[in-house]
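Order as written gives the chain letters A, B, C, D and E; numbering starts at 1 within each chain.
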Amino acid sequence: MSTSKQQPLLEVRNLRVEFPTRRGSLIAVDGVSMEIAPGEVLGVVGESGAGKSMTGNAVIGLLPSPGRVESGEILLEGERIDNLPYEQMRKIRGKRIGAIFQDPLTSLNPLYTVGEQLVETIQTHLDLSEKGAKDRAVDLLEEVGIPSARERIDHYPHQFSGGMRQRVVIALALCAEPRLIIADEPTTALDVSIQAQIITLIKKLCREHGTAVMLVTHDMGVIAETADRVAVMYAGRIAEIGPVAEVVKNANHPYTHGLMGSIPKVGHEVERLTQIDGSMPRLTEIPTGCAFNPRCTEKGPRCMVERPILEPVENSFVACWKFDPEGTGA
Amino acid sequence: MTEPLVKAKGIARYFDVSPPLLNRLIEGSKRQVVKAVDGVDFEIERGQTLSLVGESGCGKSTIARLVVGLYEPTGGSIEFEGVDLTALDNRKEEAKLRGRMQMIFQDPYASLNPRWRVQDIVAEPIRHKKMFDTRAEVTSRVGELLSQVGLSPADGEKYPHEFSGGQRQRISIARALASNPEFLVCDEPTSALDVSVQAQILNLMKDLQRKFGLTYLFISHDLAVVDHVSDRIGVMYLGRICELADTRELFSNPRHPYSRFLLDAIPDLDMTGKQRIPVAGEVPSPINPPSGCTFHPRCPFANDRCKSEQPELRDVDGTQVACHGVEENRLEPTG
Amino acid sequence: QAKELKFAFQGTLTSWDPYRLNETFTLGTMGNVYEGLIHRKPNMVIEPGLAVSWEIMEPTRWRFHLRKGVKFHNGNDFNADDVVFSATRVRAEGSDLKTRISADTKAIKVDDYTVDFVSDNPNPIIFSEWGTWNIIDKEWATANNAVTPQNVGGTEENYLTRHANGTGPFIMVSHEAGVKTTFKPNPNYWGKKQHNLTSVTYTPIGQDATRVAALLSGQVNMAYPVPVQDQARVNAASNASVLIGPELRTIFIGMDQFRDELLHSSVKGKNPLKDKRVREAVFHAIDIKAIQKKVMRNLSEPSSLMIAPSLTPISKDHYPRRAFDPAKSKSLLAAAGYPNGFEIGLDCPNDRYVNDEAICTAASAMLAKVGIKVKLLAQPKAKFFPKVLAPNLDYSMYLLGWTPGSLEAGNVLRDLFYCPRASKGEALWAKESRNKVGKGKFNIGGYCNPALDALTDKILSETNMKMRDEMITKAMGITVDDAAYVPLHQQALAWGVAKGVHVKQRGDNVFDWRYVMID
Amino acid sequence: MTAAARTVEGGGIDMNFISRTQDTLHRFLDGDVWYSFTQSRITIVAAIVTIILVGASVLAPFISIHDPFNPVNLNLMDSFTPPVWSEDGRWAFPLGSDDQGRDLYSTILYGSRLSLFIGFASVAFSMSLGVSLGLIAGYLGGSVDAFIMRVADIQISFPGILIALLIDGLARALLPGESHDEVMVYVLILAIGLSQWVNFARTVRGSTMVERNKEYVQAARVIGVSRLFIMVRHIMPNVMGPVLVIATISLAVAILSEAALSFLGVGVPPTQPSLGTLIRIGQDFLFSGEWWIVIFPGMTLAALVLAVNLLGDWLRDALNPKLR
Amino acid sequence: MIALIIRRSYQSVVVMLVVALLAFTMFRYVGDPVSMMVGQDTSLEQREAMRVSLGLKDPVPVQFARFVMNTAQGEFGISYQLGRPVAEILSERVPATLELSLVAALFAMLVGIPMGVYTALHPQKWLSKAFLTISLVGISLPTFLIGILLILFFGVLLNWLPTFGRGEVVMLGGWSTGFLSGSGVKSLLMPAFTLGMFQLTLIMRLVRSEMMEVLLTDYIKFARARGLSNKAVNFGHALKNTLVPVITITGLQIGNIVAFATITESVFQWPGVGLMFIQAIGLVDIPIMSAYLVLVALFFVIINLIVDILYHVVDPRLRVDGSGAHG
């Protein structure tokens, strides 16, 4: 699928994440497949509840209970990691896969200094002395752009501002130089100006360390700027995945198309924004066929009964019968 | 030009966040005051939309609350149809005027009482103002309002948690419309919503404005959204307005350095390859604002005057800007 | 070999000043360390104590010959000065034993070992309560600045509160009030040693269950009182048994007979209890056998008199008790004009006598059956006594117990039956002079029979014992006839004693260690 | 569900009402709280035990053998009858009789009734006091809040049981003797209630301060409704979740406090014993072999308190959305 | 911090005054001390004279003022019953209560906290459920009954443990301790268990619910995402954060332990201040009762202060040092 020939760093195949509830199973992620190459930024976008975070959580093996990977495979550098025992998976987390979560305010333990949390993480994964770990912590803080890091390392999280805290969180994710970073909405809680700083930082890391990033967000702007490729998720499924320019500018899937149209753009004078009527179905009430069919303006009879599969369309892959060669779509 | 519907003159709101007296005495800490809003002027014409943008903590919500009367202003006045609301001591009169303005809040999850049925939520202003005599009338009005915002009258039986975020925001709007207001204050009404839902709400708001001739004070941190909805825009920084201009003018020709930064920070969806220039530094603490122009620590054009003297909002070609640099004409032109 | 007596008692020994508190346990324990001029044997018979003999010189002058060669625990000699000193001190400010010697009695030292007691009126039983009037060493008390018993409300601690220096067979070693008090035998005791103890330890244990458990688990080898219901359990245990004996205290129900309208009753404008028939009805309603069997578990002796028969010349069956007869009770009530009964209050202590509250509850149920609806108010003695006793007299019926301090009937006739008035011609319990009532001050029901008063006056000054006995018999007959009170029973003593420990039980519940033998 | 079904069969009632009740019932049965209830076997047992005990004590006059609080019914000679299954047992006293000849089974029913009454009433009292003060303090803030919270601080700086003792002592002293027995129950309610209001007030104040800043409250303020209306109709329903949990726990504590107070001699009069008083009296007979006098009331009390606590536990978890 | 202490102290003074007033008011009514101080033969006139000399006849404000003045100087007067300075008696009795409360509190914490942690970490295991249910059974019976049942079982039937008292005590300076003798330690077991049981249950449940909340927080999730070991996450992060609220409640509970000691002490005839208080109530020994109440209030106040300080030590957010905030 990927245009690159080398072995993908992360490969997700047919991932299905379920939450058993009393009213039957809730399928949060349904048959998702994707790959990320080293140094690549894969953006994952979609509405709230589309299953973006659960995909990311499944990769680092931290699905909130009672969620579980029902089927599918997750491979990191060709090695299967979705079925590892807890202790082995723990050793991968932080070491080979780093994670950044949405809210920098709550991601740090308020009772420990930033330094303590860094040193603790470094020592978990790297064989360093207390002092070595501390030096590395200072380096990391400097790297993510925290001025006078040597002093600030002994401060508590509440003594940092939001943007600084998010940088600390990134530093923590970088402790052991992981090959892959799962960044779940790393900028949503931040102001626009700081958002730009963080995005720049992430991009710099990819460039300089060759780290691959799975960037989960619902902000198309951030994706457009940062990602190489983008996956659009809808109701637990991937609607479209492809190079960012193509998806943003030339959306193929009706949902992506609508999504792009609904984003107000500076300088584009429109009286009304494109609007997708209705809302994403609850995951317990996904209609048969294409999950998007109740809102789709181009749906055909097949969309109501049969679930579309990802098919290549130009440089992307799109899950829509519209592009089915048999032409049973619209 | 007719008289503006809403007019704020030098409104200010300070919050005392000092530690308790005893701590001040012993630890020698001083009184601390957050100047959340510090002397803001604006006018809104009937049927128009004024937007306020700015980063978190710059005082946007505080202004919204001042306008609808949730906060008492520390200084300045707010006029509605020429009547100074802050000076009014006839409570009935004030209630009557206040009834003509309503507010829509940011968080669709917190702005509806989870224990009330939707029909009761929407009917609350109606019941409070005793606008109808019979139950049936109230019910039918509620149904009408729900239809107006794109919900079904039958939804009134349900509780808020049975609705999605976008639907809830519609309920909020229905409630706000219930008392037939002329002026709506919208405090980030879409920032908690997905873009696709945001489009629905923004479209709805525009439709309603057209239909009822509503006047909006619209608050957001998203310049693209603001661009879409507003006639005029005020850019705020640390409790003050640093630039107030017509929408088109602001976007084509931002004058204040901070406005320029904000425009630069808009993510580039069109992939023109334009690099975002991150603004250096962070928003300073409103407890200890920098001296002079509060933006000077982050401003590349700052000089000594900026560090010591606070700029006033001045008219520059129909736009109001508070910047020494613009006044002195020493800023690089944009574009 | 150590022979340790470890005993537990319900109450606390608060002070070691012998005159501080007129209370049985305190004085009884004190009696093992201190001694009076006389001593009571286990059967209560008086024997010489620090006095070897006494005689009546003239009706108002008694002469006491003191024992020679007796030493206090600190080594001081015992002599007449100590007796005279003690006679003064016992009547001094702060003493709770002022009545031991009447105010008009003078103690006069005749020689070092002879003391005369001279009073204005003849007193045939002058020394009957002297078993608990302990003699204090004059030099020691003076040296320690304790010539009077502790000054209540003062701020200084009285030296005698925690120090004891008697002539008795045991020496107090340590005292932690409310925790533990330890003793050792007095090696220089003048008398014959009848015990084989090497030490004595006393622990107060307030909770019944804990006390019994302490005995059963062997942590103490004597504990009293044993709750009546636990006697079977203790007897069944392999290591202890209950020693039972009659006690001298009489438990009775008193009734308001002086007010014109009862305080806590549905009857308004009159006082039904003034009517003898009503008092008899109350009497007949009480099933004393049931109380004896169920509440007291047979550890009581139903009584027809207000005094234990053993303290009187009257034989046990001389005055039979009014029978339990609800039918008769009802008809008496009807005859008195209360065919449907009435409502009345009953005040009761709940921590004073054996199963006091249970007795009251049972009595309430029995009275209810004949139509007297009782509103029972059972409270701790701290609140019960001030409410019921003079000057408040706030009750309409009450339960009380009485042991005559002198252990004979004169005291009962004087305190419980004499018309309670401060001076002749005044109303009974006249409000303004309640505090001045002398004779009859515990006759709180206000029973009054002038004929009985006259007889009582004679008894109190009669020195001819035979005539006195006859008069007592007659007087008691009057009280029975008038149904002045409803006597219930004499409660029994129940001491829990470990196997191998032999004690002698005294009828007044005094534990005299002189006679304790441990195998 | 069966209840609703029966109502429908009954017919003749306003159909609208039925459908609404049905609707509410259906919503409830469909709700998460009910679901979590059905999932926890121990909670179901606890609920059944509670219902049985509460039901039995409410129905005490109808299902008891005699009224043990009426002395006419007592016969001292019946006392200490062992339970019916032992050798000397009698059918008139299925669980045996106590030291006054009261049928233990009936006495337990009446005693539970009293204990539950004291428990419920004192919780109702402390709850209304605590919730109102908490709402006022949390909503108005400022000096009102400071004052109420200082009072609460003082109150909490002193053990509840001692507060109860103090109030009890005061009331006993101030009230005339006759009215004692009648009012004693209310004095206990007051005493126990007063020692618990702070829990409610603090919780409600905390939640109120959170709710006060929520936008639905501000929306109501913008509409212009009165403060009282906001407190009572808007905020109160939203802060009642934790209150309910505290109330259950408080109920258990109140019932036990009454028992503890009775041990210290300040409980209800022994002629009308509560469960606690029964146990206090009964423990005198533990050594003497009349175990049933303390064991049966003890078991009833334990079952009651345990069941209520378990319900409270479950409620705490069920109402906490985060733990669901 | 100093401000905190000062504020606390001044609040404490208010608390103490209110307690004093309450205690004082109540004692006017608990009964007649004089009738408890004398035998039944004492005449009414003598009784009246005693009331006067005890100051019971003075106007109430005068009595209160005297009471507060004396109390402030640590002068509680002379016990009516024991005839000794109350302060002295208290100082003899306090060690017993403190040792008992300390052991009970330690027992409650050292057992309760691990149990709470276990039940929070393994909510589904049967052992957790057993802990939760069994501990509830323990608090569903009145304390006094538990005590008596323990005595009956371990004291009388098995004869393993002493049924009452403190056993052998050793004097260390002015402090009598039961820790240093075998019988002293044995005597402690049952009372401490009885007293600690209730608090244990409370602490366990508190720790459990707080910990379960903490385990759901983002920083725990993030700690796991950093690959920290379970031990580091559960104990280093979750438990420490749990302890912040636990400290407050536990502090108050320790105060309650001292208060509840009255019942336990009277069941086990434990010679502490609680037992003394109960005895004093029965005997209307007003100086002892007031001193006890003031002592308990003081205890609460001190514990509250310690808790506040601990709180500040544990939670850096409460430390006002101002440095670096809002960088």
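In this text, contacts are C-beta pairs under 8 Å (C-beta built on N, C-alpha and C of every residue); 3 or more make two chains touch, one makes a residue touch a chain.
Predicted, not measured: the structure shown is a model, and the values here were computed from it.
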Chain D and chain A - chains in contact with each: B, E
Remotest chain, chain A as reference, centres from CA atoms: C
Between the pairs B-D and A-B, the one where more C-beta pairs touch: A-B
Geometric centre distance via CA averages, chain C-chain A, whole Å: 91
Whole-Å gap between the CA centroids of chain C and chain D: 46
Cα-centroid distance, chain D relative to chain E, in whole angstrom: 26
Mean-CA-position distance for chain C and chain B (Å): 89
Per-residue multi-chain contacts in chain A, two or more chains: 161, 164
Multi-chain contact residues (two or more partners), chain B: 282
Contacts with two or more other chains, residues of chain E listed in rising order: 30, 148, 152, 156, 278, 281, 325-327
Chains that touch, pairwise: A-B, A-E, B-D, B-E, C-D, C-E, D-E
List of chain B residues in touch with chain E within their complex: 19-20, 22-23, 25-27, 29, 282, 284-285, 287-288
List of chain E residues in touch with chain D within their complex: 11-12, 14-15, 18-19, 22-23, 25-26, 28-30, 129, 132-133, 136-137, 139-145, 148-149, 152, 156, 205, 209, 212-213, 216, 252, 255-256, 258-260, 262-263, 278, 281, 293, 296-297, 300-301, 304
Residue numbers on chain D that touch chain B, as the complex places them: 214-216, 218-225, 234, 237-238
Chain E partner contacts - residues on chain D that touch it in the complex: 42, 150, 153-154, 156-162, 166, 169-170, 172-174, 252, 256, 259-260, 263-264, 276, 279-280, 283, 286-287, 294, 298, 301-306, 309-310, 313, 316, 322-323
Touching residues (chain side chain C, partner chain E) in the complex: 12, 14-15, 17, 20-23, 96-99, 150-158, 161-162, 176-180, 203-207, 209-210, 213-214, 216-219, 351, 380-383, 385-386, 389-391, 405, 434-437, 441-442
